[in-house]
Each structure stands twice: as structure tokens, then as C-alpha cells.
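Here come two complexes built around subunit A, the first alongside subunit B, the second alongside subunit C.
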Partner chain A sequence: MIYLYKEILESLRYKVIWINLFLIPFFQFAPFVLMSADPTQVLIGLICWYVLTQYFFVIPNCFEDERINGTIVNLLTFPVSVVRLLISKGIWLAFQTIAIVTFTLFLFLLFNITVKDLPLLLALVVFDCFAMFCCSVFYLGLVLHIQRFSRINGFIQDVLGFFSGYTFDIRKFPIGLRLISYLIPLTYIIIIARHSTVFTPVALMMVTILSLMLLFLGLHMVNQKIQKLRSSGEWNVW
Partner chain B sequence: MLPLIEINNISKSFKDNTIIYNCSFEFRGSNMYLIHGDNGSGKSTLIRIMTNLLSPDEGHVYYNHFTFEKDQKKILQSLGVILNDDRCLYYKLSAWENVYYAGRIFGVSKSILHSRMTTLFDLFDLPKDKTLIENFSSGMKRKVAIVRGLVHQPLFLLADEPLNNLDEESRFKCIQVFKQLALNGSVVIVASHIIDEGYRDLFDVILEMKDGKLHDLSLQGNSGITSL
Partner chain C sequence: MERMVKHFALFIISLKTSIRYKTTYLSWLLNLISMILPALAILFFGDLALRLLGYVNADQYLMFLVISLAYWGFIESFWSGVFDLRDMMRSGIIEQVLLYPLNPIEFVFSNSIQSIISALIQSVPLLIISCIYYSVTVSFGHILICGVVVILSLFANMVMTLLLCSIGLETAESDQVISIIANIAPFLCGLFIPISMLPQLFLPVSLLFPFTYALELLRYYVFDVPTFLMVDQTWIAMITTTMLFLVIGMILYRLYLNKARKRGFNKF
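Moving on to the complex of A and B:
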């Protein structure tokens, strides 16, 4: 809780950034949504993908941000576990994301674009936050081991969005490409969100299993890298 | 049983440069140690190894017979660290928030933490308002870092050049607070390349970092310390 308290205090001090965060999704999605034959379906896909982008921007860069600020040493000299640190960031990010998603949906409402079952979509966004947190921890592990992954973060987000069918139905893909789609947790979340009358337990189970696998693998990679950095003295000059 | 830090055959090199070589020493509770040495002698490297910011090439560090490899959380709970880098403070938090955060992380209860923070903030003339650390001078940041390292009354305090950027009065207060901590039973280790004549006698043991090893100057009969 104390770490969450610190995250909240720090975040709320960057006032102008909040205006940015709340308005960007609408202006980013509006060209695709408003021009689409089925704007609601496109909006749903983009909202789910937006959650991915938030987690992929914050979690994989969290150590780099601490390093740039010089506060990375606190993580090593305070009795805080990396897991607790990441979960605190994930929780605060979930609150932010849900608030921003709700505001964005309200802005689209002004253009008469509505979502049939709003509470269900918001519940799914919460689940999406959990799944994307797991995926982003895995990506953090990759970034720590192979720094180049941090440079292609934006590209990876777009690729994952594309293959998960954020603006279209993945059934239009050839079978080979569709197999890639089925490896991405976001694909199932978008399928569930779009076909909310068919609440598929199988899809939820697939997301949970995939996400947890990625989470545990990611945590293992993160811990492994921390040990290696410590022994090489890289924290000192990192 | 008094707290104890043992460094056992510690060696550390960076590329082909040996900084510390086969260094062993025991730091006992209720003592305040000064590690003195020239720039580049390895004082900061030793402190970083002892605080687990750096792993040695050889050797081990024991805190009451515990090691970081096996009992990391237990040691960190009792460890206070003051580094020679004020960027370790959170710039978007105030002095009070920085210290409060650290105190709560170390498990100090809210009421005790509030009382200790008030005492330390008054002692070092630190503001308790919402002024962010980014607006502080380097001396003020250093004082906040010192208070943050002390607030949980660590059993083991390691300070790397804590007196840099402090005015005369604050330096004296800092050493006095460290001394009080040592008198309460903690192990206090201060690494500094300069120390004023006036406070030298407050240290129980003066060590010199030279040729990769610690030399107990009290055994050698001279201090060899540069005064201000």
C-alpha cells in the first residue's frame, strides 16, 4: 500500500500530463471509429488494445525510468520485493486506465457511439488490465535481457494490436496468421468484448493461462537479470 | 548479542583494475567507524558491496552471520544506507513524503514514524511542508537523505560521504546523531575522504582504505587523516 501511495502522489504532481492522457485516446481512435461501418466493434477493439499500450509503455520502462531518475538504488537498499513494486504500478495503472477508458467512452457517446453493455465492458477492461500486466512483465524480462526490445516497444504494440484484430475480425486472416492471433491474450479479450452475449469461459481460461505463463516467465527473467546486474556491478554505472 | 558485520576475503576488480583485494574486517555494534582514504581507494566500492549494490568477485559479507544471498530481506530490514548521490530521492515528493515512504517501507508504525520524523526534521531544520525535493539545494537534499537513512533506527548504518555539501553546524549534528545511534548499539560506518579534527575523536575506530585493504590506524598509532 505504501508503494501505491508513493505512485499516486508522484503521478498526481504531473498535472499537464493528465490532460494529455485523458484526451489522447479519443483523438487517436476517432479517425478509425467514426469512419468505420461498425464503429462500436472498432471502438471496443481499440479500447482493449489501449490497455495493452498503457501497460507496455509503463512496466517495461519502469527500471529504466528509475535509473534515469537515479532512484534505482532505492529498490536495492529498501526491503521491497520487485514483485510488490510491479504489482503496485500495475494496480495504479489499472485505476488510471479505467478512468481514461470511461472518459473516452463518454466522448464517443457525444458522437452517438455507444456500447451495448457498458458494465460488462468495464469489467472486461479490468480483466484486460490483469492480462496486459502479465504480458508487460514478460516484456520487461525481455527488455532487461535484450535491450533492443525497449527500442521496438511501440512497434510491438502495433503488431500485437494488428494480430489481435483491434480494428477488424481476425476470421478474415488466412489460417496461418490466425494461429499467431490465438497465441496473443489480447485476441481473446477482444473476441469476448465484441461478442458479449456469448461469454466464453474457454476464452477467459485461455487468457488466464497464457497470461499467468507469461507472468511467471517474466518474473523469472527479471529476477535473473537483477542478480546478473548486481554481480557485474552494472547497477553502479547503469 | 551486539550486531556484527563481517567482511570476509572481499575482492573486487573492474576490468583489469583491482580495487579491493582480499579485504577482511569485523565491524561491531556500539561502535562508529570511519573509513578514510583517497579518491579511488575503494571506499565507495566497499560500501556498495556491503549494501549489496555490488557483488564482490570473491568473499562474503555477513550481517549477524546472515548473508544477502539467503537472507536478503532480513538484512535489508535492519540496514540504513546513505549514499553519495542525492538523486536517490524522489524529486516529485516532498522531504516529509520521501522520509515517510522510507519509514513505512521499513515497517515503522505511523505514530512512531511521525514522532521520529518530527524530531529529526527539527534537528536538521528541514521543512515539513509540500515543497518538492526538486526545489531543494544540494545541502538540503543531503540532509533529507541522511534523515531518510536514520528514520528507522537501523541496526547497521552505512554512509558514503554523508557530510558533503553540509554546512558546519549540520555536519556536527549529523556526526552526533550517528554517534547516538552507535551508542544505542548499532554498527555505524562512515566512509569519508575528509573529516574535521573536531569530530574525529567521536569515532571509535578509524580505518584507512589503502592498496585494496582496510588498515586499522589506531593499531598503527597514527591517523594520517586530512583535516579541513
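Moving on to the complex of A and C:
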């Protein structure tokens, strides 16, 4: 909780970043929403994908500054465990993301692009935050093991968005590509957000199973790497 | 002449450094592709509102996306120089750089040359692929005019970079300001959709950017898509906005540089 509080205080110190954070989604998504014949469906897909981008930017890079500044040793000797640290970052990010998503939807509303079931979408965004937190922990594990993954983070986000059908319906995919889509938790969230059907509980279960699998695998990879660093002492050689 | 040699030496150093880290080129290219991936997804698998966009067919729109992406690569390559200026401020070496024979702004532009070469490396394969995919029937005269448009808008971009550098000298959060501009500019300048489709509220801001007119002219000369203003008015507006940015950029840069010299550069 203390870490979360410090995180909030530090974030509030900088003002322009907040203007940036709140405006980015609207300006980034607006061209794709406006160029589509079905703007609402594109908007919903992009909103769900936005949660992924937030978590993938923050969680896998959370040790990057400490590594560059050489303060990672301090971080690992703190009484707060790495898991708790990641959770506190995840919670803060969830608040931030929900606020930004609400503001973005409001901006689109000003231009007559509305979402039919807003409470359902917001509830799904909260669930999306949980799922994407799990996926991003897995990606953090990958980054810690193979540092090159941090350089292609942005591109990976786009590829995941593409296969999840962020701007289209994945039913238009050839069957081979659709199989890849069904391995990504975001796909199910986008499907539920666009077409809430009788299959919703099954889709929710699929997201939960896939996300938890990735979370445990990710935590295992992170702990394994940290133990290795503790024993070898190579704090700055990643 | 001596200054030219120094610029060249700096350029060679930065080029060699970038060759050492080969992944930079790859990640830049991937970032550019990432920019248009949602649009490509709509084009191939979604429902693109082609008639609203003003294109005859999907191939034409795809071709425009590739051309505008290659063009935007050049635009963004300049802006990276502003981050160099910020890095100099953060690490506290900007005072020393001020004592060098090259001033910080020349330093930034020398670094940008390397970024432009990167942009060239990225854009040429894109243009070749698109030309193979879709045979363009553009007259030689129009290609020349497009070249003039690109060169003029690159000058406009240098001027814009000067303005951004000025902001960098004044505020510690300059990278966020650049980030805001980098994020809103593709939409407001009509990189994906013509400015006639923009909500009315954004039009005045959109018309302030010289790149808006450059993209309008490229679209007109390559695809015969009508421009928002008359063609001659678009040319005049592009030159006028460039000059406007030049004057404001030079005034602000000198003002903030003098201010920073008096009270110190480090704001972190």
C-alpha cells in the first residue's frame, strides 16, 4: 500500500504526462474508428486492446529504470517482495486505465460515436486489467530472460492486437490464423465486449484459465531469474 | 567549411554508433508498420468506408497508406533530435555542449541526419513493395512536384524541431509535449483520413500544421483526390505556416536559451 501511495504521489508531480495519457487514446484511435463503416465495433476492440498496451508498457519495463540507474540491488533487498511490487503497480494502473478509458469514451460520445452497453464495457475493462496484468507478468519473465524482447515490446502489442481482432471481427480470418487468435486472452474479451451472448461464461472461463496459466508461468520465470541474479551477483549484466 | 567538416564528423560518429546497434533500424521499421497495422487490418478484414475517404478502390488506399507512412518516417526522424537535447540536459552536459564549436541546435540537426538516413532505409523498401503491388500511373512531372512537396515539408519539419527544442529548453516535461504532438499529428494532419472527415472542432488546429498541406498535395498529385482548399491555396498555406513556425521557433529558441543561460539548464 505504501508503494502504491508513493507511486500515486510521484505520478501527480508531473502534469503534462496526464494530459498526454488522457489524450493519446482518442487521437490514436479516432482515425481507425472514423475510417470504418462500423465505428462502434472498432472502438470497442481498440479500447480492450488499449488495456493491453498499458500493462505491456509498464510491467515488463518496471525494472528498466532501476537497471539503468544501477538501483536494482536496493529494490531487491527491500522488505517488499517483487510480486507485491508488481501487484501494487497493477492496481494503480487499473485505476488509471479505467479513468482514461471513461474519458476517451466520453470524447467519442461528443462526436456521436457511442457504445450501447457502457456499464458492461467498463466492467469488462476491469476484468481486462486483471487478464492483461497476468499476460504482462509473463512478458516481464520473457524480458528478464531475453532482453531483446523489451525492444520489440511495441510491435508485440500490435501483433497481439491484430490477432485478437482489434479493428475487425476475427471470424473473417482464415481458419489457421483464427487458431492463433484463440490462444490470446484478449480475443475472448473483445468477443464478449462486441457480442455478449450465451457463450459469455465460457469465454470468461477461457480468459481466466489462459491468464492464470500465463501469470504462474511468468512469476516462475521472474523468480527464477531473480534467484539466479542473487546467487551470481550479476546485477547489471542481463 | 570548417563547420561542415565538424558536422560531417559528428554524422559519421552517430552513424557508426547506430550501425553497431543494428536492432534500432529494425525496431524503427517495426514501429512504422505498427502505426498502420490497425488500418491494414480494417482494409483486409474489416469494413473500410472507402467512399467517405475519397478513394476509388482499396488498392489505391493501400498505396496511399504506404506512401504516407514512408513520408511520416522522415517527419518523425527529425523529432528524435529533441530527445538528444533533453538527454544532454538530464545528464548535465548541455553547458559543456554550449562551449563546443557547434551549438546545441546544430548538434541536434547533425544527429537528425543519421535519423533521416534510417528513414530512407525504411521507406525505400516500402515504396518498392507498394510499386510492385500496385502499378502507379503518375506522370514524371507530378513525381517531381511530389519531390518538391516532400523537401519543402522536411524544411518545415526542421523548423518544427527548432520550436520543439525551444520548448525542451523551457520545460522539464518536453518529451511529453513532443509525445503529445507525435500522437495527435497523424490524425490532425490527415495521415489516415482526409482532413475533410475530421470533426469541425479540430480543423483550425489541423490547418496550422504544414504537414497537413503536404499530405493533401501528395494525395492530389498521386491519386487525384481533391484537396480541402484549392490547390494553389494549399501551396500558399504550406509555405505560410512553415514561415510562421520558423519565426516563432527562432524567437522562442533565442528567448529560452538566454533565459536558461541565466538561471541554469538542469530542471530535473
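Simple rule for what comes next: the second predicted complex is superposed on the first by the 229 of 238 C-alpha atoms of A that agree within 3 Å, B and C clash if a C-alpha of one lies under 4 Å from a C-alpha of the other, contacts with A are read in each partner's own complex, and residues count from 1 in each chain.
One rule holds for everything that comes next: a contact is a pair of C-beta atoms (placed from the backbone, for glycine too) under 8 Å apart; a residue touches a chain by one contact, two chains touch by 3 or more.
Please read these numbers as outputs of a predicted model, since none were measured by experiment.
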Touched partner set for A:F78, first subunit B, second subunit C, both or neither: first
Partner chain(s) touched by A:F22 [first = subunit B, second = subunit C, both, neither]: neither
Greater subunit A contact set [subunit C / subunit B]: C
First, second, both or neither for A:Y14, with subunit B first and subunit C second: both
Touched partner set for A:F57, first subunit B, second subunit C, both or neither: neither
Which superposed partner A:K6 touches (first subunit B, second subunit C, both, neither): first
Touching both subunit B and subunit C, residues of subunit A: 14
Of subunit C, residues touching subunit A in the complex: 23, 27, 30-31, 33-34, 37-39, 41-42, 45-49, 52-53, 171, 173, 176-177, 179-180, 183-184, 186-188, 191-193, 197, 199
Residues of subunit A touching subunit C in the complex: 14-17, 19-20, 23-24, 27-28, 30-32, 34-38, 42, 46, 111, 148, 151-152, 154-155, 157-158, 161-162, 165-169, 172-173
Subunit A contact footprint on subunit B (complex, rising order): 12, 14, 48, 51-55, 73, 76-77, 79, 81, 83, 85, 87-93, 97, 101-102, 104-107, 132
Complex interface listing, subunit A residues touching subunit B: 2-3, 5-6, 9-10, 13-14, 69-71, 73-74, 76-81, 230-233, 235-236
